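Each of the next two complexes has chain A plus one other chain: chain B in the first, chain C in the second.
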Partner chain A sequence: MVEMVSRPYATAFEKFAAGNPDILCLSADLTSSCEIDGFRDRYPDQFVSMGMAEQNMLSFAGGLGLAGFRPFIHTFGVFMYRRPYDQLMASIAYPRRKVRLMGFLPGVTTPGGMTHQSIEDISVMRSIPNMTILETGDATEVESICEAADSIDGPVWCRVLRGSVPRLFDTPIKVGEMRVLSEGDDILVVTAGITTEEAMRARSALANAGLSIRHIHLHTIKPFDHRQLLDHIGSVKHGVVTLENHVTEGGIGSLVAETMADAGVGKRLVRLGLKDTYAHGGSRPYLMRYYGLDALALVRGIEGLMGQEFGISENDLDAARIDDVHSLVKAEAL
Partner chain B sequence: MPEPSNVSLEVLKDRAKFIRTETVRLSRIAGAGHYSSTFSCAEILSALYYSQLRIEPSRPDWDDRDRFVMSKGHAAIGLYPVLADLGYFDPAELETYTRLGSKYGDHPDMKKVRGLDFSSGSLGHGLSVGLGIALAGRVQKKNYRTYVLLGDGEMAEGQIWEAAMAAGHFKAGHLVALLDRNGLCIDGHTEDIMSIEPITDRFASFGWGVQRCDGHDLPQVLDAFARLPDGTTGKPQVIVFDTVKGRGVKRMEMSLDWHVGNLVGEDYDDVMAELDAGLKPYEVEPAE
Partner chain C sequence: MRNEKTTEEVALGIRRRVFEHAMRNNGGYLSQACSAAEQLAWLYNEELNLGAPTLPPVPEPFQGVPSADNPDYHTGAGYNGPFTPEYDRLFIAPAHYALVAYATLIETGRMAPEGLEMFNKDGSSVEMIGAEHSPGMEVHNGTLGIGLSTGAGLAWGRKRRGEPGRTWVFMSDGEVQEGQTWEAVQACAFHGIDNLYAIMDVNDQQCDGAMSSVMEVGDIATKFRNFGAACVEVDGHDLSAIRDAAKEAHEGRPLIILARTSPFHTMSILEERFPRLHYVRFKSEDERARFNTSIAADLGVDPIDYAH
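After this line comes the complex of A and B, so read on.
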């Protein structure tokens, strides 16, 4: 049974930032939604409420960065780059300020629909010079995201999980590395964020079907160790399947495709994720099933790559985990 | 100019109650809902839709209709029942509220909802959209009004003030902003988080005509609508409605805990009974 950790970011951020006067915590009217309400109450001198004004907040953070502060900006991912994109580029990324952009509710982890789902952020951030991109896939990674981000000399985009988060790993994020979760030689599976847990759900069913899976989890998307990925691709016979909580254009599927094309690798690649579509609002397991981001979608993708069916159904997969609602009054929502 | 319908106060009160009870009912279908932000604008929506707007539900694309943009899109849960009630679509469709594939989500989608002029959900956009619609009407020699319902939290967004400046500059007399001044954003009181007062002076300085009244007192709301000048005066208009976030349900009034919530079991029944009894005078708890 997987260990579930409640609000790991709340605990980790406070432990990291408390008493460090160079760290400032910025919020845009989503303080409890980004789990920094406790920090606000206990460390008011390090907390700045900017109101619902993201453009101002980003350039303001660039100014703080010029003066030597390391601002940690908190809001939902979408609101941190769609509206204030120009401010992000000109006030933070180009001058290479040490601003840590903590983007909550990545991809379909919110029921809020199109306006609240950051489905193309990795694509956007990959194309910004000076930007580093980290994504959390479990509680240990959430617990180590602050140190990891703050080790970078420049801006860092972080996809952060909130609420009740499973613990899948026992070592912290080491920026620039990737996690090797299994070392099979038939198919390479590449996942990041919440799709890693999905791939792990399919592990035993795929093994029972006689497939030897090599599974890589990415917490660092930029910079990226292309050499190591190519070594893994060279270790499998049939090809690569990527699964991402993001559109397939510009995300980790594209990253793998570019790496293969640049090196002249002629293996098959199946990229799973949101396919040129906005997502509906709805609960996360529902959306992951509907848009083909879950364990069963991975199995079907592998079948497609192999050109054969393995007779695996939902019943053969490890049970999907349904998040606890942390209170009936304040349901996990927006 | 638009001719307000002659609807009785009793009807408007009843429709405001309907907006609140439907919000509670639909939230139960969804498992969560934006109660308090919707309750604060129930009287505004009731007066607007049942008395003020020049619309024909049988012709949602009628060129001369008044336009409405719900900039605070998270209150859509209170708008859908009104649109259904007026005949834009079958109320039974609301049983699918927020279900995958439903036309009716937490935030409103103009590509799906009959009678909805514009989508929203990302705050701060609505006043600019409304200005575009209003100026398009002027170019096309129409005399419809464009109403925009704003939340007071989103007044912190810079885009609101870009729109306010442009509306004054372009003398958009057919643009009417309705500000639901319920006092709270998600993190706390707006005046603590990012102050917006003196809000009427700010709009006035941008060239707007301003009014301010109690947004839960229907005669005052109707009177404010009646005082809107002819659009040809060239002054965009704002009505600041002083409201109470969560108005109508004691436990939610001016509470930070009910921006999003989920009433179940006895709580659901209690709240429905409280709403059914009608609005009681608003009382502020004495400070301890």
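After this line comes the complex of A and C, so read on.
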């Protein structure tokens, strides 16, 4: 049974930031939702309430950067780049301000529908010069995201998980590296964020089907170690499958495709994720099934790549965790 | 289409439905029913000129998002009737008020009660954050602060086409913190858009608590007037005051009604939660039971049997 950690960001941010006068905690009226309510109450001098006004908040953070502060901005990911994109560019990315953008509810981790689901943020951030991108896939990564982000000399986009988060890893994020979760030689599976847990659910079923999977988890999406990825691609016989909580354009599937094309690698690549579509509102397991982001979708993707069916059904996969819609670890039901 | 019920009855019915829903689900956007029930009841039951619904009483399941491959895509606006020139249009700008809006559709006979049972269920169109395919919605407004601008554009367009129907926007006070709200009013004044109407639930609340503790917005009535709107402030629980406010002359300008409300009006026990009322979840079974008994008595109904 996987260990579940309650509100890891709340604890980690406080441990990291408390008492450091150069670190400021900015919030846009989603303070409990982003798990910084305890920090606000205990360290009011380091907390800056910006109201529901994200455009101003981003340029304001740029100004704080000019004054030598390292602001950590907290809101749902979507609200931090869609409306205030211009402010993100002009006030933060271009001048390389040390602003740490903590984006909650990545991809389909929320039933809030189109307006709450950041499904193209990685694509957007990858195309912004000077931007670093980190994504958390478990509680240990959430616990280490603040140090990792703050080690960067420039702006950092982070996809942060909240609420009840599984612990899959026992070592912190080391920026620029990738985690090798299994070292098989048939197929390379590349995942990030919540899709890593999905790939792990399929692990034993794939092994039983006689497939040797090499599985890599990415927490650092930009900058990216292309050389290391190419080594892994070189170690497998058949090809690569990527699975992401994001549209398949511009995210980690594209990142892998570009790496392969640039190096002239002639292996098959199957990119799984949201296929040029918006999502709608619903529970996470439902959305992951409906849009093909779950363990079963990965199995089908691998079957597609191999041109062969392995007779694996839902029952052969490890059980999916069902999050409570209403749970004390979340400020609301989003 | 007019309802047989009085607007007071509709408002009470909305609160009873939202209360029942919140009890059964151990929480929800409950305080928004306290503050906004009169406003939405008044809009649907009296003020808006709407035709009969064009969509089935029991909402269809989710039918996909807009895309070239989805030619039958339609929004949930059909619950407000057809889009013909004489009829009014309504946007629910703060999409988290969807639960209250759905309850209003039921109370005014536009949606079947079963619709609320589909709320936030997988595969349903009756979404927690009202989507444009959700009953009564015409555009996506879950990203707050965009509703008034869309309303302004629709109103301008309808005026250009000579349509007599008005465009109404139901707003929340949190939206005044977004710069876009002010850009919308500025554009309305500049273009003389006077077929646009807004009623705003000024409950002084937002997610983090009292607005004054999160980001002070000051005298918003004066601000709206200075930006070029006609603006009337009323007690948002006083229906006759709301009725009078809508008669305010506003030639060449949009009319914005600020409905000053209490986030625990008619559910006195909610005051225990002040100032954190944006989303009410019961912290223990004991609290749930106490709220159940107290609110049921306030609303004149039996406590909800939420074990079933």
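Of note:
The rule is simple: the second predicted complex is superposed on the first by the 325 of 334 C-alpha atoms of A that agree within 3 Å, B and C clash if a C-alpha of one lies under 4 Å from a C-alpha of the other, contacts with A are read in each partner's own complex, and residues count from 1 in each chain.
The working rule: a contact is a pair of C-beta atoms (placed from the backbone, for glycine too) under 8 Å apart; a residue touches a chain by one contact, two chains touch by 3 or more.
Computed from a predicted model, the values in this text were never measured in an experiment.
Partners chain B and chain C, once the complexes are superposed on chain A, run into each other and clash. After overlaying the two complexes on the shared chain, residue contacts for A:Leu30 are found with chain B and with chain C alike.
Contact with neither chain B nor chain C is seen for A:Asn20 once the two complexes are overlaid on the shared chain.
Of the two partner chains, chain C is the only one touched by A:Thr277; chain B is not. In the superposition on chain A, contact of A:Ser204 is made with neither chain B nor chain C. Legend: residue contacts after superposition of the two complexes on their common chain; A:Met114 is shown touching both chain B and chain C. Counting contacts by the rule stated earlier, residues 27, 29-33, 49-53, 55-56, 78-79, 82-83, 111-116, 280-282, 286, 290, 325, 328, 331, 333-334 of chain A appear in both its interface with chain B and its interface with chain C.
Taken together, the chain A residues at the contact with chain C in this complex read 27, 29-33, 49-53, 55-56, 78-79, 82-83, 111-116, 277-283, 286, 290, 325-326, 328, 331-334. Looking at the complex, you find that chain C touches chain A at residues 25-28, 62, 65-67, 95, 120, 122-124, 127-129, 131, 133, 140-145, 174-175, 177-180, 206-208, 213-215, 276, 278-279, 281, 283.
Residues 31-32, 34, 73-74, 98-101, 105-107, 109, 120-124, 153-154, 156-159, 185-187, 190, 192-194, 257-258, 260-262, 264 of chain B are the ones touching chain A in the complex.
Of all residues in chain A, only 27, 29-33, 49-56, 78-79, 82-83, 111-116, 280-282, 286-287, 290, 325, 328-331, 333-334 touch chain B in the complex they form.
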